[in-house]
Every structure is written in C-alpha cells, then in structure tokens.
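Below: a set of structures, written as structure tokens.
Note that chain A is present in both complexes that follow, paired respectively with chain B and with chain C.
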Partner chain A sequence: MSALLFLAQRATAVVLAFAVAVHLGTILYAVRGGLTAADILARTHGNLWFLIFYGLFVVAVAIHAPIGLRNVMREWTRWRGRTLDIALALFALLLLGLGLRAVIAVFVS
Partner chain B sequence: MMRASHRQRGFLAAMIHRLSGVALAIFLPIHFLALASALNGAAALDSFLAVTRQPLVAFLEVVIVVTLALHMTLGLRVLAIELFDLREKTLAVLSVCVAAVCAVGLLFILNLG
Partner chain C sequence: MTGAAQEARLEVEVWRGGETGHFQSFVLARRAHQTVLDVVTEIQREHDATLSYRFACRVGMCGSCAMVVNGRPRWTCRTRVSEVIAEGNRLRLEPLRNFTIVKDLAVEMTQFFDKWKQAKGFFEPGAQPAADFAVVRPATPQRQAADAGIECIGCGVCYSACDVVAWDKDYLGPAALNRAWTLVNDVRDCGNAERLDAVSQSNGCQACHTHMSCTQFCPKAIEPTYAISGLKRAVLSRALRGGS
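For the complex of A and B:
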C-alpha cells in the first residue's frame, strides 16, 4: 500500500472511531420503544450539526472502506493493478454519492 | 492452510476485523439507499422501517450493529498497536473489545423492545 493510502486509511480510521462511537450511541438511544420516520426526521430535519457530522462521516467512510477493500482484494485475490484501483475509485464515488444523498434526504425531508 | 501464527489471538482479531469491514462495505450502499427513501416523504421511509420489524430483518439489524461495534473496537486495537505499541497486552485489549461489543449488542436488543 502506498504511503498516501496508508495515511488516508489511518487518518479516516481516527475520524471514524469517534463518528462510529457517536453513531452507535445515537442508534442505541433512538431505537428505544421503536423507531418511526417521524422520530428520525424530527431529529434530522434542518439540523445543521447533523448535516456537518454525517457529511464528514460519509466522506471518511468513502475514503476508508475502498482502501480497506483494496488491501483485502490484493491479499486474497489475484486482482491488482490499474483495473482494481479504478473499480475501487468508482466504489468510493458510489459511497460518497449515495451517502451524501442519504444525509441530504433526511436533512431536507 | 492453517499456520501456527493463524492460531494466535492477534490473527483471529485481524481476520474478524477484516471480515467485518467487508460486510460493512456491502451493507453501506443498501443503508444509504434506504435512508434516501426519505426523499419520497416520511411515508416511504416508514414503509422501509416496517420491513425492518420482520424477525429475520430485525435479527440481521442486530448482526450489523454488532458488526459495526466489532469493526470499530478492533480498529481501535489496530490504532493502539500502531500508535502506542500495545502489542504485548493483546489479551487485555481483546477482552475490552469483546466486552464493548457485547455491551453494544445487548443494549441494542434491550432497547429494540
């Protein structure tokens, strides 16, 4: 793994350690007594802190996950080189696009 | 083939960390698509949430929450080893990871009611 990818993986891991801990805490709190769309949207609609936090969360995930998958693919399969890098760059874009769309969806709805 | 090093706790932890990461990478796009259903209104999101109340899906929900907790705690272990040289305390660190994951899983199940 190149030094840049290694650093990106570890830097986003630090961000995600904090973000996932907060997310897990939120999940445990939110599911008490059932979960409805109204409950979720009441907390997220127009909440700027939510938008910033989960926006950063998605960006960190979109960097972290494809680099991790790249390591797995290179070690467990024969797939490597340019095509693997392109496929995982596309996966990063997919995560970024779908993730930001989801964050915006619950922010504006 | 199973090597001697593969029987060590550190190897098992690394393998679980890796497999949980792959599982989360597969799950994430589905999770994002489900949340984006809110773009079609609260009713659309509610119809998705109704699916998650089915026993099998509810069970898978617990599995994914535990998987997330596993990946986070084992990731913290990797950071601790790399940043603070905690390698010789593997058993203690792994015990804390297991305890944290069990706590998250139990709290999630208890709160689901």
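For the complex of A and C:
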C-alpha cells in the first residue's frame, strides 16, 4: 500500500468514527418518539446539514472500504496488481454512486 | 518404572521430510540444563544420523538454529528444555513456519534475506566517500532508535511468527523492516529516499497488522513492531512533504 493510500484510509477512519457515532445516535433518538418514515423524510427534505453530513459520510466510505478490501484481497487471495486496483476503483465508484444517489433522494424527496 | 525414572525420560517428536512428511518419535534421557539444541544433536548423533538441522555457534550469536518448539518459534541453542516444558515430558520440534523446508528441521533462508535487499537493508554510503568521520553521539534519538534494532542476528524467528507473512508471501517481514529502520536512523546513510520508497510498497510497512508476534518472540528482545511504526511515520511524513 502506498503512503497516500495508507493516509487516506486512516484519515477517513477518523471521519467515519465520528460519522457512525452521529448516525447511530440520530437513529436511536429519532425512533424514540415513534417517528414514521414520512416524518423523517419531512425533516431531511431540503436540510443542507443533512446533505453535507451524509455526503461526507458516503465519500469517506467510498474511500475507506475499497482500500481495506484491497488489503484483505492481498492477504487472503492471490489476486494482485493492476486488475485488483481497477476492480476496487470501480467498487469505490459503485459505493460513491449508490451512496450519493440515496443521500440526494432523501434530500430532494 | 518408578516416577523418577519416568520424569527422566524425554519424548521428542521431530518433523521428518519436506513440505509433506511426518513426525518421528524419539525417547531420550532428560538432563539438567539441557537445551533444545542439545536434544536435536543427541538425536542426530545417537539415534538417527539422517536427521537434518542447522546450527553453528551454539551461543546465540549466529542465528542459524531457530526452530518451532512446542508450537512457538525459538532459538534452540539458548532455550532450555525446562523453559519449554512446563509439565509433562513431551517436546515437538518443527521447522520454522513461513519458510520453504529443505529437509527435516532445515529451512531455505534465501527469500528471507532477499527481502532485506528489497527493503534496502544495507548501508548506502553515497556517491563520494565521507570527507571525515561522522560524529554520532550515543544520546541522540536517532542513534538510540538505531541501537534498539541493531542487534538482530537474522535467525528468522520473527518471520516465522508473523501472521502477515503467512497471509502474504510478498510481505517484507519484521526483520527486513527492522533493518531498514536502523538505517533510516543512521545519519551517515545516503539511501533513505530509495529505502522509504522500497518499504512503502504494497508489501511494505503499512501491511503490518501490529499483532506484535515478532516483538513477543524475538530472542534478542528487539521490537520490530516499533521499528515498523517508525517506518510508517517516516513514510507518511515524506509523503506529506511531497515525496512519493
């Protein structure tokens, strides 16, 4: 792993530690009062803070997960080299695309 | 047989063969202060002359007699049987893990030392010889960091203990990275740019999982895990300053 990949994975881990805690805390808080899906969507719609927070969350996941998966693949399989890097770059794009699609859908709906 | 006579027996299982093989059992007398290397030598001289193993100095300097003893990698010349067997009288001897077995207890060390070269684990004096002696004060942090890892005897115990080597045969391993770290801290050395590049490839220092098996089992009490952490910091620092 190059130094920059190592740095990217550690830096996004810091972001995710914060983001996952906020995410779980928000879920626990939101369901306490018996909010419905419609109630939640009403709160997320047009909420710029929500868009920024979950947008950052998705970007961090899209960077962090493929780098970790690359390490796992190197250690547990014989798959190495350029094809592995390309496959995981595509996986990163998939995570980014699906994640941002979901965030935008909840923001504009 | 009396209880004392039973305790005086040592039952030894020794790996015979190459990558495939079997354990062969021997029964020896158990003696006070007997080392594991004494046991192997007695088997080879008194019981089966075809047993292959490697040793040279017998005093913990050459690093050639390491084996897996009762599941753990050890230098056998400085390991007493009484240290290994807490209770009972069984000893199981295997070749070092993560190496190709030549025969019985002897392993092929070429890949291990090739990785020292890959990690640029050799002194690089630069294009021109130094004009004068370098003054390296013992109290400087760099000298102390180098001192902490300089006594490596290349026995392969850390490499055998390392799970990352078991998973990834290309991983440079604790000994090569430890050597690289001693040179990063050698103020006379001129090869650090290439060395930090070499140790930050996919098989380099960042692949370490910090399991610390190398540090736990090193017979010279060196701490390669800390050397690897030092390399991670040095590589990262260089990358942030614009190096590759």
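Quick notes on this one:
Note that in this section the second predicted complex is superposed on the first by the 106 of 109 C-alpha atoms of A that agree within 3 Å, B and C clash if a C-alpha of one lies under 4 Å from a C-alpha of the other, contacts with A are read in each partner's own complex, and residues count from 1 in each chain.
Heads up, the rule we're going with is that a residue touches a chain if its C-beta (ideal position, glycine included) is under 8 Å from a C-beta of that chain, and two chains touch if they have at least 3 such contacts.
Note that the coordinates shown come from a computational prediction; the quantities given were computed from them, not determined experimentally.
When both complexes are overlaid on chain A, chain B and chain C end up sitting side by side without clashing. Of the two partner chains, chain C is the only one that A:R74 touches; chain B does not reach it. Within the superposed three-chain model, A:F6 lies in touch with chain C and out of touch with chain B [touch as defined at top]. When the shared chain is aligned, chain B comes close enough to touch A:L98, but chain C does not. By the touch criterion defined above, A:I40 lies against chain B but remains apart from chain C after alignment on the C-alpha atoms of chain A. Shared-chain residue A:V14: touches chain B; no touch with chain C. The partner that reaches more residues of chain A, of the two candidates chain B and chain C, is B. Shared-chain residue A:T83: touches no atom of chain B or chain C. By the touch criterion stated above, A:V61 is placed in contact with chain B alone, chain C being left untouched. Put simply, chain B and chain C get as close as 6 Å, counting only Cα atoms, in the superposed view.
Interface of chain B with chain A (complex): residues 18, 21-22, 24-25, 28-29, 31-39, 41-46, 49, 65, 68-69, 71-72, 75-76, 78-79, 82, 104, 107-108, 111-113. Those residues of chain A that touch chain C in the shared complex are 1-7, 71, 74-76, 80. The residues of chain C lying in touch with chain A in their complex are 164, 167-168, 170, 200-202, 204, 206-207, 232, 235-236, 238-240, 244. Note for the complex: chain A touches chain B at residues 10, 13-14, 16-17, 20-21, 23-24, 27-29, 31-33, 35-38, 40-41, 61, 65-66, 68-69, 72, 91, 94-95, 98-99, 101-103, 105-106, 108-109.
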